[in-house]
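Chains: A, B, C and D, in written order; residue numbering restarts at 1 for each.
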Amino acid sequence: MDSLSLDQARTMLRGVFAKSAELQLKPLACVVLDAGGILIAYERQDGSSNLRFEIARGKAYGALGVGVSSRAIATMANERPVFVQSLIDASNGRVVPAAGGLLVRDASGRVLGAVGVTGDTSDNDERCAAAGIEAAGLLTDPVPNA
Amino acid sequence: MDSLSLDQARTMLRGVFAKSAELQLKPLACVVLDAGGILIAYERQDGSSNLRFEIARGKAYGALGVGVSSRAIATMANERPVFVQSLIDASNGRVVPAAGGLLVRDASGRVLGAVGVTGDTSDNDERCAAAGIEAAGLLTDPVPNA
Amino acid sequence: MDSLSLDQARTMLRGVFAKSAELQLKPLACVVLDAGGILIAYERQDGSSNLRFEIARGKAYGALGVGVSSRAIATMANERPVFVQSLIDASNGRVVPAAGGLLVRDASGRVLGAVGVTGDTSDNDERCAAAGIEAAGLLTDPVPNA
Amino acid sequence: MDSLSLDQARTMLRGVFAKSAELQLKPLACVVLDAGGILIAYERQDGSSNLRFEIARGKAYGALGVGVSSRAIATMANERPVFVQSLIDASNGRVVPAAGGLLVRDASGRVLGAVGVTGDTSDNDERCAAAGIEAAGLLTDPVPNA
């Protein structure tokens, strides 16, 4: 498999919103990026606030940027705030350190892209991102207990 | 109601400055943004310092950006400083995390725009923003005790 | 009608890609923005190049920025290049002067948002944008013969 | 007289919109800047497009920047495009070379600020800006026949 297709991205978006409906969360926004960090698809549910695209993308972009989930970058931001700030600056403000951004991997472990979700708590955002990846039959790294 | 009109924005500005006169505050500056974060009206009272527009807009823009008052963003900035910094950077410096920015809602709860006030203490700024919204017969979220 | 919904945006995306399939065009990318210029939805077809999101958004954002189609901004760019460059700079590079961005209006003429399409010739991009708007039962300004 | 007051700025805004109503123009947006280029007041009429603040400010800011009307800067942009582009870049995109921005002077010729208007043709925008300055009993430089 070379890269995430638009069809796979749509499947992930449907999976994200299905999980959100099940959990009765606030309106969510979700991006799917390819392995190069390029946007494949984005949707925001009605009632979302205005910076949701930037936040969703920032979670996914950061995950691809350093090869971990955005939850791990949030933890890093507590421990080494100036380092994470340097990543934010180096990426022209494209990294957002909060849970909800997950790498997408194939069965061999290769990174195919990332999903970023925002709108509810970071823990719930991450749950939905994981559900989206699962809906597409793809994998992410094990998510620590949130 | 479709969107905040210029007439409504003027009414809010008058309400902000009337409250400020009543409380005998320092010179204030006030923006009214529509739901998309676009500027409808701005006024600064004589004697205001030079970054007041950027501060007033940053409070209102941030409120619209994440769907809460700018007071809530200020609280978030204490708890998760790098995350809030990432919002500032993702918005090209358009988010200012300090009380004084309030969402404007209609009776059904829909967000119509935001008001941002600066010039006195953040608590007093917020009081005036709330007075402006009330003067226009519109609603904001409950303001925690300042 | 308050604002473009996600459902309406999806209908427009489907309409854009249906027209593209009918005309056998190259891979397209399409954004739908709300009236404030905020992203509601985006999809790029497989095989799209890397700046397609920025181009699609820039067409739609420019249309909302000055209240005309991005074709009109492209014409303006020929006649008054430095003026259009100043709009690009004033918007932090968010205006792209090329056909393919169309305002979305309701029956009363009110602007509800904009669609931006890129990937084939500008004329074909614009045809697809118009088809997307029509698919959602909405209106745009008359498109000059391309 | 030290600087434009908020009262004077409001009088200019009223004068701009009164002239616009008389001429039956499209919705206008208008800024008033003080001599340092700092925003005193802004209003946009209902139905304005989204970049109107940036355009109105860019006309007034440019006028203050080089000490002439923005019409003169537009002429300069035709004759020396790279020079005017360098002004745009040097000001971080804050100069917009199009008629509609006028210096505000007192009787002694001292610059007190500037008015910038946008929304209709540049010529009509400039007519309204001049009417606003006149309404406040202040002066601008002679406007060439538009």
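As a convention for this text, a residue touches a chain if its C-beta (ideal position, glycine included) is under 8 Å from a C-beta of that chain, and two chains touch if they have at least 3 such contacts.
Since this is a predicted model, take the numbers as computed values, not measurements.
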Superposing rotation of chain C relative to chain D, computed on C-alpha atoms, to nearest 5°: 85
Mean-CA-position distance for chain C and chain B (Å): 31
Whole-Å gap separating chain A and chain D, where each centre is the average of the chain's CA atoms: 45
Distance from the mean Cα position of chain C to that of chain A, given in whole angstrom: 26
For chain B, residues contacting two or more additional chains: 3, 36-38, 92
Graph class of chain-chain contacts, one of line, ring, star, complete, other: other
Pairs of chains in contact (touch as defined earlier), listed by label: A-B, A-C, B-C, B-D, C-D
Chain B to chain A touching residues, read off their complex: 36-37, 64-67, 80-83, 85-87, 89-92, 95, 111
Chain B contact footprint on chain D (complex, rising order): 5-6, 9-10, 36, 38-46, 50, 53
Sites on chain A touched by chain B in the complex: 48-51, 54-55, 58, 74, 77-78, 81, 84-85, 88-89, 92-98
Chain B-touching residues of chain C, taken from the complex the two chains share: 2-3, 34-38, 92, 110
